[in-house]
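Below you'll find the structure, written out as structure tokens, and then a few comments.
In order of appearance the chains are A, B and C, and numbering begins at 1 in each one.
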């Protein structure tokens, strides 16, 4: 037999990991370290490496700034920063972009000052924009190797078992962080709730975590989630969401056992309320719901309208509580949610999804990343993944924002290709993708204001005037990767 | 006759609200230059409303509530707004039939001036004083332009020296009187605004009462109220079906020349037939029944 | 001839609205139109044209017009220009009467 190695003592040999890219070396004698600085030494972070973070704390995250500050203090430079998304709070690391500590970014969302910095062409390398499923795929496939993941851990024990539902900075699901934990070469858990071993409820297991650091605070609960997301009373948004719910009702998919995904965008949330009424009236229950989960989704499960929830991230306190308490509320990883490199993510089982957008064009292409002027200000999130996977993808947006038409001849940046978008809903008209004759037939009896997407675009231009062309922009400052790993569009300097 | 289940009031100096007024499905829209506009902004609101009427397309009729002609703004309102030829002017504090005649004459003057067909712009009167209620029949008859009269409940309650209550008992008599006058004058009766937009249950009860009294529709001040009123004022499919059967039985009896008509063991007489006809006409107007389907 | 003789303002620098400020200039100095807008790139030209159109309609020259736009549609821009203009002429009218 080949490759036989004889026993040389219980700790003499370091076995290679069975699959994946993560390698295991000697298990550390003690995982708990005194400080982030010690952890940076322990993982042997060097110039040019890739560090990663999750965005489950959204706008209440303290971890990224703490870590990058500590890295900068050690004089380490030229890092690639990979984040599942960047909220506005991360503007705090801007000085480290300016000084060259971080020179490349890989994320699924970018806004605020960092967005401006990148748009202005000041980052050394073009930013890489990926969808949630695309990031999971890139990590799993080895396309995005992560050297060290610094994971904010709402509750963590001394061996690195982690959950997100307990502790002062509870954020609920850790679906995005699961990818980094599973595949990063080194994983550092940073917690403000270090508990005795063993943790009872475990989302990320000790087998994936190298070191644990306790700090005073990892997040601001006020920024992590809102108390409970309220359904909008904005009448225009309600018109849009009522139409969206009506699309589902008449789509042919609205049957017992159907499945839905609802985002956290305003119109998507209030559509849930209309859907709830229709489900009650028609005695239809859904077999499962997928998403970013909100209290409204949780209500629907508690009322018996949705059997089960698959949860990749939580937006408010009721959803965090439900994930903790309700066995029908399941945590899932970004890969399970949306990765095209798996044997099948759950987005492929979703019947209907309602998605917000920045702008769409007459080819049904969707932009959720840049403004019409090309400036970075958004996040693809799971948009391209779920549009591709679901049987009915409904994109909701106002026909105009201020004087800007939102249904245009061409979107500035294609994030989700039109061939995966089925219906565009605005307050002044609903357009069905001509590829979906079945939907056109089904919706003809719905009473919805159906029109061709070109007519919707002309209506918008008639009101605003035809926009003057935006200058094409300069050098490429960002690339938009589609969920399969191909580049679907680029972002240019503005 | 135009369907006016809802008359949606929109503040006259709010660009966003004026622009979006048409998306809520209201049967009728009223741009308000009166109570919704501060005294210092009357001129600005007038310009904005005129341009909104000229530049925007709305899927339903749009009227404008002007300031009373006894105020410094009323005449300017009529002159400027008539240029844009709204569907109607809604005239506040209608009390004296002579005022209605005066407004009518001004409208005629400006219609001639701007080359609009004389009489094409209608009037809807808001009655909101005790004297106005007592004069309501004569007000409705004061101009051939008057197509509807409505009640201004807040001002009326003040004039009656009482307060508004959630149940609206204090204005019940006035509401009934207004309905009587409207029917006698053969114009539409528009029920009053329910100001507490957050109290949905109270709003539903108030709308139901108005419908039971016989009103043609209701003034509303929030877009989210439109659907609720339409649900209440629109006949249910069961009601439409019953009306159909009544009319079928009636026709059959006529054909057979039989004197007594009965359906499901109940007598059908003239008023029941008339009501069934009204239900079907209504259903037709809101698209529940296709045009051309026999009524 | 109509002449702008004082500062006239109308509208608000708030969402979907526009604040127009009109000020007189010396006879023969012509028009100055300054536009600040979040949609400058795509609609700046059209905003300026609309202001010119309103001034043309009333044969007004020798003014400065400041446009502080917050995404107003054209009907709003027109209305606010008309109001600001009338307000800037007001005293002039009363002088003549």
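Note that in this section contacts are C-beta pairs under 8 Å (C-beta built on N, C-alpha and C of every residue); 3 or more make two chains touch, one makes a residue touch a chain.
Keep in mind that this is a model prediction, so the values were computed, not measured.
A.B. asks: By CA centroids, point me to the most central chain in this structure.
C.D. replies: Per-chain C-alpha centroids compared to the overall one single out A.
A.B. asks: What's the farthest chain from chain C if centres are computed as the mean of the Cα atoms?
C.D. replies: Result for max centroid distance from chain C is chain A.
A.B. asks: Averaged over CA atoms, how far is the centre of chain A from the centre of chain B? Could you give it in whole Å?
C.D. replies: The answer is 49 Å.
A.B. asks: Report the inter-chain centroid distance for chain B and chain C in whole angstrom, where each centroid is the mean of the CA atoms.
C.D. replies: Once rounded, the distance between the two centres reads 38 Å.
A.B. asks: If you average the CA atoms of chain A and of chain C, how far apart do the two points sit, in angstrom?
C.D. replies: 46
A.B. asks: Can you tell me which residues of chain A touch two or more of the remaining chains?
C.D. replies: Within chain A, the residues that touch at least two other chains are 463.
A.B. asks: List, in ascending order, every residue of chain B touching at least 2 other chains.
C.D. replies: Residues 56 of chain B each touch two or more of the other chains.
A.B. asks: Enumerate the residues of chain C that touch no fewer than two other chains.
C.D. replies: 15-16, 72-74
A.B. asks: Provide the residue numbers of chain C that touch chain B in the complex, in ascending order.
C.D. replies: 10-11, 15-17, 72-76, 78-80, 82-83, 86-87
A.B. asks: Considering only the defined contacts, which chain A positions touch chain C in the complex?
C.D. replies: My answer: residues 372-373, 400-404, 463-465, 467-468, 470-471.
A.B. asks: What part of chain C is in contact with chain A in the complex they form?
C.D. replies: 15-16, 38-39, 41-46, 69-74
A.B. asks: Going by the contact rule at the top, pick out the chain A residues touching chain B in the complex.
C.D. replies: Counting only chain A, the residues touching chain B are 233, 235-236, 238-239, 427-428, 463.
A.B. asks: Spell out the part of chain B that touches chain A in their complex, as residue ranges.
C.D. replies: By the definition above, chain B touches chain A via 20, 23-24, 56, 222-224.
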